[in-house]
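Each of the next two complexes has subunit A plus one other chain: subunit B in the first, subunit C in the second.
Entry: the complex of A and B
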């Protein structure tokens, strides 16, 4: 039944919508700026006033993925004509692509990106997995000193992690964990675990214990009941926790900068390091940043239903 | 064939003893109802039988074998929860099939068993739905189906229809009874609703503060309550309880309640049956239907004033002021026209119960 809405309600509604629009614009503005810069011709990136309308090009992405050097003299027209379209774009900028024989030399960006992916995915899986088991234990069993233990777990988040960066760096160097994937993964799991435990405990507490009890009586072990009943019911919570852990690990900058420099370096410290070579090439940096945004955006988009649905329980009466 | 025996069960939650030396033997196919208020230990007892709760002392025997150290999964017992506990991420079919998936049954057999149970419970149309799409009654049918499908040794039900509304509760009560008659399985059923207990049980076990108060058929606990607690817990409207004095008066016994100026007339043999208990510490119990009301004076009837009248459709409950106490009588609808009306009242000696006030125990005196 449609209720009659008063004019003040309509007005409030419009104000609310306007507020949401403004907030959305504010949040999207930097993302728009990064995305648009990633497709701009180099000279327009720093133009004043800023260029809004321009012919988009993918040259920044070509530069992002290749190793290049400045050319001292103009390119031979024959070589230019024979080059593929993307190589012409580099010649246009007064640079040439470095090659070994005929093979194009790729920049370090793909490797750094992969490092980010490896570290973020594995640390998220570990943090959420361990957090889920731990939270289940706290939620379902009587544990001596439960409140103290939970507080202790939370206390690891009570100071900025960077505070321990120097001792961590020294320890890591001593045991050979610096500039290694495992080293970063251990760090990120350690950051995220307390968060994961607390968040998952909330979700676990919401799942009625009768679900498992019914399964226990019906001939299942507790382990089976956990995997068959509790995990599917906790899917929403696991998804939400995973998104947050992934974002934290994916975006982490300080430790990645301190602990890694070559082999295991992730994208966040790598992207700005490109500023240093010659004149700041903002379009290439923007292209790197734009691609770097995509995994989180995609991951969050895929899990959006779980995030939005909240906790719904259809079949239990309380 | 399943017998369940509880021997000397004791259970503590921390320092609080919630079950005191509980002994109970349940015969094959028997429908036992554990009845009591919340916190009386009935659900704990049920969960102990299911294996969801440990016990601190005593033995639980199923078909003569102690099972208290077995896991719930190994006791071959099914349980229906008040919350239904249907898994929201599974269809009705998968919910009912769930206990069978724990066994090595082939999927063809699983399908056959589920459909058979669904037919008995009339939920065949619902098999593809999700629990969230079901009504409360259907959810409970599915929950019962999940319990029945494995053909367990015994069924345990923890307030299975307590979450339903009144009309549906009545319907499901009849359904559970029909199922039990048809399928026949040893059943322990927990409820705080005495009407449910009376209508379903072969025998009722009334519990209070961790102690069994009385075990008996519905008729036994209604007609011969063992103590004041049972007397007041079973039966609706509640039994009248009043301190009473019995005197020998000209060849008859006179029972006075509530400092009334006169007593109710009882046969003389009451005196010998009470055997000295008349001196004091005696409590009379009389159900409202045992309080007889008429408009005109008659021998043995006492004039009193009606105070509150509760019309309940097919009958009225009338509060009558007798001395300093109130007796509630059950009358035909509209028999007493309104508060303040003078009527005449008598207590039917055959329906009177006598209790020792101090211990609350029934004296076992019936006329």
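Entry: the complex of A and C
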């Protein structure tokens, strides 16, 4: 029966929706502040009162990607005229772009961003690959002490990173893996593997066993059935798991802070280290933060139907 | 004769006769993962357990000595460490309570149909997907006493959220509530949408009030999932490092994970930090155990 709605219920409904909208604005405000500061002229980032609307510019991104020094005296007008638009922006700020010969010196940001990308992508491929096989094993075969093994696997995910990092740091130092991509990749695979097993097991459990059994009757070997029947069925699950693992590795801070300092340093420990002493340039920091957060924001939208599963390790579905 | 016998077997065994046996495949699929986790998670913990009984310092060349339980004795009688645990407990209580209230509140508001519900829900979930270290850093600007938008909006003058010893911990907790309320909201929404609609209809026929319906129908049916959210967030809050470390250096906001980091990698008191790591580890494993227990309970339903 359709419940007859009283006028007070309708009013309450409207108030609730209005409250949702207000809450959404509050929750998005800090994110708006990061995104908007990334496009602000330097002086507007720290203005009183805070600037909400302004004419956006890309100078913070030019500063983010270049190495610069303070100018001692005003720039030669001829040099200024000959400079490309983005270099003029730097001159306007009283700085000059560092060059070797004609080559513009890039800041460390692109390197750190690439490190994040390399480490996150490779560790994701490994964690999801191993996790998919293992999840299939747990989903389809009888295993003695299965619940205990699965608990053991999950518990490795719950270990506090700093606790694991102390012995790993000492061991890496012995074998020379400190500040290396491989070292960080191993740690992230170890961290994401348990998650990947649990999430993939949920997806595997949903694929009817009858599919493979039919294939086995048709003369497939178990391995052929796994690769040709099960994997294509699990594609969505694999993609969702991969995106989750990527985001986790991309965002990870503690291991990266402890294990890397230069060559293999990823963006999360690098971005805070830019603050330095004195008055920080918030527009450049915001530009770096904005570019770093953008992929995660896009992925969140792609993942929206799997978020619940992901945050509960596959235990709760929609 | 042999072919007849083969067709009598179940499909799995017949496949096994052709390719690798199921047992081989099972071992091949599972053992590498277990070995990997043992080598890179369990072995390091055994290694650090060993060091926790020594006075080893990773930045000095001199040989270490076995000191027995001295590290543990010193840690447990160290007021500084106890204060770190008290700070952590305060942080866990404030931030998890805040997340539960805000998250469940949001879920109650969202649990109705309205235009663009999907989009708004996803937008609300954005904070929890982002890097705590990087976002936490940016909250320094939001909290800034001189140009921060927060002080401006709330008319707080030049209140120094993060450098005031009394407020630093709570400022971090507020940011954590902002980040993780969406998590509680997501789980609560799942719980709320699983409440059978006919219960509400029956309550409406009985002219049950809002409060009665909420406490007798909604809460009991959602509570298992709320408990999951509560335990998980408690465990995560207890381990908090990133967000507090990048936001403030106030000693009053020194959580146990930060204390552990400083002891291990700034003071290089390696042996003792291994011991502290073990104390923290045992507490985390206790909560994990509880979490998995309830997770399995909800899963069975």
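Rule of thumb we're sticking to: the second predicted complex is superposed on the first by the 267 of 318 C-alpha atoms of A that agree within 3 Å, B and C clash if a C-alpha of one lies under 4 Å from a C-alpha of the other, contacts with A are read in each partner's own complex, and residues count from 1 in each chain.
The rule we apply is simple: contacts are C-beta pairs under 8 Å (C-beta built on N, C-alpha and C of every residue); 3 or more make two chains touch, one makes a residue touch a chain.
Not measured: the values here are computed from a predicted model.
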Touched partner set for A:224, first subunit B, second subunit C, both or neither: both
Partner chain(s) touched by A:65 [first = subunit B, second = subunit C, both, neither]: neither
Touching partner for A:159 - first (subunit B), second (subunit C), both, neither: second
Contacts of A:213 with subunit B and subunit C, given as first, second, both or neither: both
Dominant contact partner of subunit A by residue count, subunit C or subunit B: C
Which superposed partner A:13 touches (first subunit B, second subunit C, both, neither): second
First, second, both or neither for A:46, with subunit B first and subunit C second: second
Which superposed partner A:233 touches (first subunit B, second subunit C, both, neither): first
Touching partner for A:113 - first (subunit B), second (subunit C), both, neither: neither
Subunit B and subunit C footprints on subunit A, overlapping residues: 213, 216-217, 219-221, 224, 312-313, 315-316, 318
Of subunit B, residues touching subunit A in the complex: 50-52, 71-73, 75-79, 81-89, 98-99, 102-103, 130-134, 136, 139, 146, 150, 156, 163
Footprint of subunit A on subunit C - complex, ascending: 11-12, 14-16, 18-20, 22, 25-26, 28-30, 32-34, 36-37, 40-42, 44-45, 47-48, 51, 58, 106, 108-110, 112, 114, 118, 120-135, 137-142, 144, 146-149, 152, 178, 182-183, 186-187, 190, 201, 204, 225, 228, 235, 239, 241-242, 246, 257, 260-261, 264-265, 270, 273-274, 277-278, 280-281, 284-285, 287-288, 291-292, 295-296, 298-299
Contacting residues of subunit A [partner subunit B, same complex]: 208, 210-211, 213-221, 224, 229, 232-233, 235, 312-318
Of all residues in subunit A, those that touch subunit C in their complex: 1, 3, 13, 16-17, 19-21, 23-24, 27-31, 33-34, 37, 45-50, 130-131, 133-134, 136-138, 141, 143, 147, 149, 151-156, 158-171, 173, 186-187, 189-190, 193-194, 197, 213, 216-217, 219-226, 247, 250-251, 253-254, 257-258, 267-269, 271-272, 275, 282, 285-286, 289, 292-293, 296-297, 299-301, 304, 307-308, 311-313, 315-316, 318
